[in-house]
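Notes for the one structure printed next.
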């Protein structure tokens, strides 16, 4: 190993990331993300993997192939060797989701020490999202801009009023830690957020997902496409192929599809039957709603495979 | 080791804690804490320590002495062998401080899935705290109840108005995840919070401290005095003696006090001088303000030791 | 929520696990695993999920369906609500792999405090595994028992000799912490190991896998099949279907298979070509070895899908 | 905040650390430590603290004072903003203690993939440490070099023999993962170890301590004095004063010393009596051995304070 690290070592740098160091990427109406510091690069992932596997991998493959192999097979520790440190400005309700990712380091502005940032997220007239009917946690489509304009005005009035109450309390000498209590959840906060590459990818996989709330998805998308893509391009490519764009087939789904593949429709039906996926509704005589079957049907449709029911 | 675990093993139980399982301890105006489940007891701490030290500790000491030894010398892993699972109802701004403790497991009500709890923390007329002048993050004294009454009324009006805006958005079909954005930071939320005993003690040491914000301190105090004290009484006693009530002397403070102890005032002054603690203000000719010296002076006063300056 | 937790709460118990509490499950020639304590059950997973999704999930599904949903969609926090505490006896070289899983609590016998356990793992004559040729980290087949007998005798002699050296050093008064230095890596150690269910499943997924070393795989298999299966039967069933038995298709693999599915062989080839999977060997004129293509071919074969090359 | 980060941001560098990047610091007979990469510096700690306290701390103090304040009051998150990545070569038995520190990232050479490093720690004739009589886990003094020479020769012979058995197994085709099983615990391994500054200080506080085993203490001392001292000199100085060199007084110890301080010997005795520290031995009529009292007596002696018993 020693010989792999030359004497006159210099820290790895990524010119493409150095170019945007400190640059502010705007997100939402008044938020941002920017890179403050980083450690490591694609080569650091490779270096860590090679110490584990030593000679074992020397011939195997170039760096790109090794990174793809590691990500495909969910080797995680080599990706922990890289760190990213961001400075973010984000509404507190999105930030609450963000810091549920526990494996990161955080220093956030305290509204006990300082007066709260005088900015809350504002919603444009055409950005009022409607509750999804098929998904209890999501949204689907938007209110008409005409109707939205009314909500936007109401939002502005409310935020102004709340801020005045906050300021009034401070003027009366109330402690900052208490005066803040009725500020809106969407009040902006700022923080340094430092995370290693493995945990960053996990964050991005969850928060760039279409099921994530739009606000945090906007942040994750900027971090992924503007920052991670520049920083660790090989890992980013592998992430797209093997994690973000991957599909999982369960053991039972696999059994059904394999039976279909060899033309054995009876067996395919038998597996599904045994899994309880083909129960008939006593009312309609049709297949009853079944979430697991629905997920398999969606996957089969994507693969252009016809299921025997 | 094997012989230490009898065949017909039963899970350790703590009758004093079983007695209050599920019991709701009220906190603040509308919050609560209650125990849902737990694992282990004082004896589990001892059991874990004895596997580490094996015969080494057998004769050493009874359980109480061993627990005190472990806590005094900051042995942490034996305390990780116990777990506590709470159900809490807490204002979101206190909850934000709470979940900064990363080494715990959390499931919280989602206001994406469900309508937000229709309750926000309310402040009694005599509970409006004034900003501390000597401590940027704290509070000190309260507004007069007469003046407070006005703020309390204003708070009620504002919370009502915000709730109406929230409800109005929902009535227009706006997605819950967006409608909630202007709810007050002090809106109540509920969660399961599970933590091991080592990390619980760390939480309590920080959050029962007089510098913690009153709201979270109230929760920590209930958890400590009502729950931990019943659950692991020996550990709780040791915690009070060796952690919560402990004083730390820095290397330099120790040098000063040791010099005072042997009557060598010159040496005591010399150490302080070298540390930069005795600089004179050019204006007043008196000792300039110095935070480190002030902390030493406070400790010396507590110990009834007179410093030579 | 409050109404979900009745007043006279009792801790959830799992009779099937209580039945084996403290029972020793032998592993390898002289190791064991046994359950010392636990917290929670399948219902605790469901309870935690329901506080998150509140009314959102009430009607959705029974407990089994919800657990399957959570595991399928990689929701992790509800599984953190359960804890398992084991007492294990394991060779140190397997233990080294074990404690690389960092999210667990451990108290291990110290060979600084106590004399090392007088047992090292012994290998039966028919258990000497041969180095796999196609896998640098694995083994494949065994030495003949006749040849193995020789190695087994040599192993016994060596272990005896090492133990004598160790004992001799102790007899000379050498400190235990130093005397132990030449003991074999396979010396047995004992420990308490406590882990939450989410991290336990992660451990089992990796260590029950056919690529894990046989020694630790034996432990993982006992923990999974003898203990987890009794403790949280619904989660265990879901784990088999959705995690342990699952297959992942990468974005590119999916593109190829979907093209094959709709009969578009050209497109399938085009995707593979672009991914660099169909490079011809200049020597043989055949397809060059390519690890990513080989993995796709294996998956397609399992699904009885014919690839167009 | 934004204005604190200038546009043309460059990564912070520490020339004193850059000077030794990649440089091998020898430890023990054949081990080493060297810095591979790092992120952040003393100023990064300050920057993170200032975002939390914002204006609150601006005037307070210079960087040195702030860092000392943070460390004294056990603020931990600002120190997490710095990372250090080392390449180490260390005997496996010391490494086992090392990786018990879970909050770090590790990639270690695998002896499943590769042949084990052909080096085991060797002990010089004058380095055979004797078991401490007053401390079950420590050592105290050394064997005479004449007697030690004998053990050193025996050690060399044993290590040679073990290595031959290992090589013989490999020659027979035994899998590396199994062939290694009887290698000595002190066989050298290599790893990358990456840790944030907060966790590094915790590691150093425990492993530079006089109770740590000499082997790992040697590594910790090199990391502290050769590397940390160069990297974050202000934090290192504060660490010495406020952590490594600090003394803790428990609540009871404080009560006793405070009573002595104001000349109230009766009260001092009363506290000690109530704590059970002054029990008389029925045999000797003298004070019975009591560990807590002994610790207080040692601290009082260090402070030149006379206890009234």
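Letters are used for the chains, namely A, B, C and D, taken in the order the chains are written, and counting of residues starts over at 1 for each.
Simple rule for what comes next: a residue touches a chain if its C-beta (ideal position, glycine included) is under 8 Å from a C-beta of that chain, and two chains touch if they have at least 3 such contacts.
These numbers come from a predicted model, not from an experiment.
Engineer: Over half shared or under half: which fits the residue numbers at the contact of copies subunit B and subunit C, same or different?
Structural biologist: Over half shared, hence same.
Engineer: Please identify the chain with the largest separation between its CA centroid and the CA centroid of subunit D.
Structural biologist: A
Engineer: For subunit B versus subunit C, what separation do you get between their C-alpha means, in angstrom?
Structural biologist: 37
Engineer: Whole-Å distance, subunit B centre to subunit D centre, using C-alpha means?
Structural biologist: Chain centroid spacing, subunit B to subunit D, equals 27 Å.
Engineer: From the C-alpha centre of subunit A to that of subunit B, how far is it in Å?
Structural biologist: 31
Engineer: Residue numbers in subunit B touching 2 or more other chains?
Structural biologist: 53, 56, 106, 110, 113, 136-137
Engineer: Residue numbers of subunit C touching subunit B in their complex, please.
Structural biologist: Per the stated touch rule, the residues are 1-2, 5-13, 18, 21-24, 32, 34, 36-40, 44, 47-49, 51-57, 77-78, 80-81, 83, 85, 87, 89, 105-110, 113-114, 190-192, 194, 196.
Engineer: Across the complex, what residues on subunit B touch subunit D?
Structural biologist: Those in contact with subunit D are residues 53, 56, 61, 65, 68-69, 72, 136-137, 240-242, 244-252, 254, 257-258, 260-262, 291-292, 295, 302-305.
Engineer: Tell me, which parts of subunit D touch subunit C in their complex?
Structural biologist: 91-93, 96, 99-100, 102-103, 106, 110, 112-113, 120-121, 123, 128-132, 136-140, 143, 147, 151, 154-155, 158-159, 161-162, 165, 168-170, 172-178, 180-187, 213
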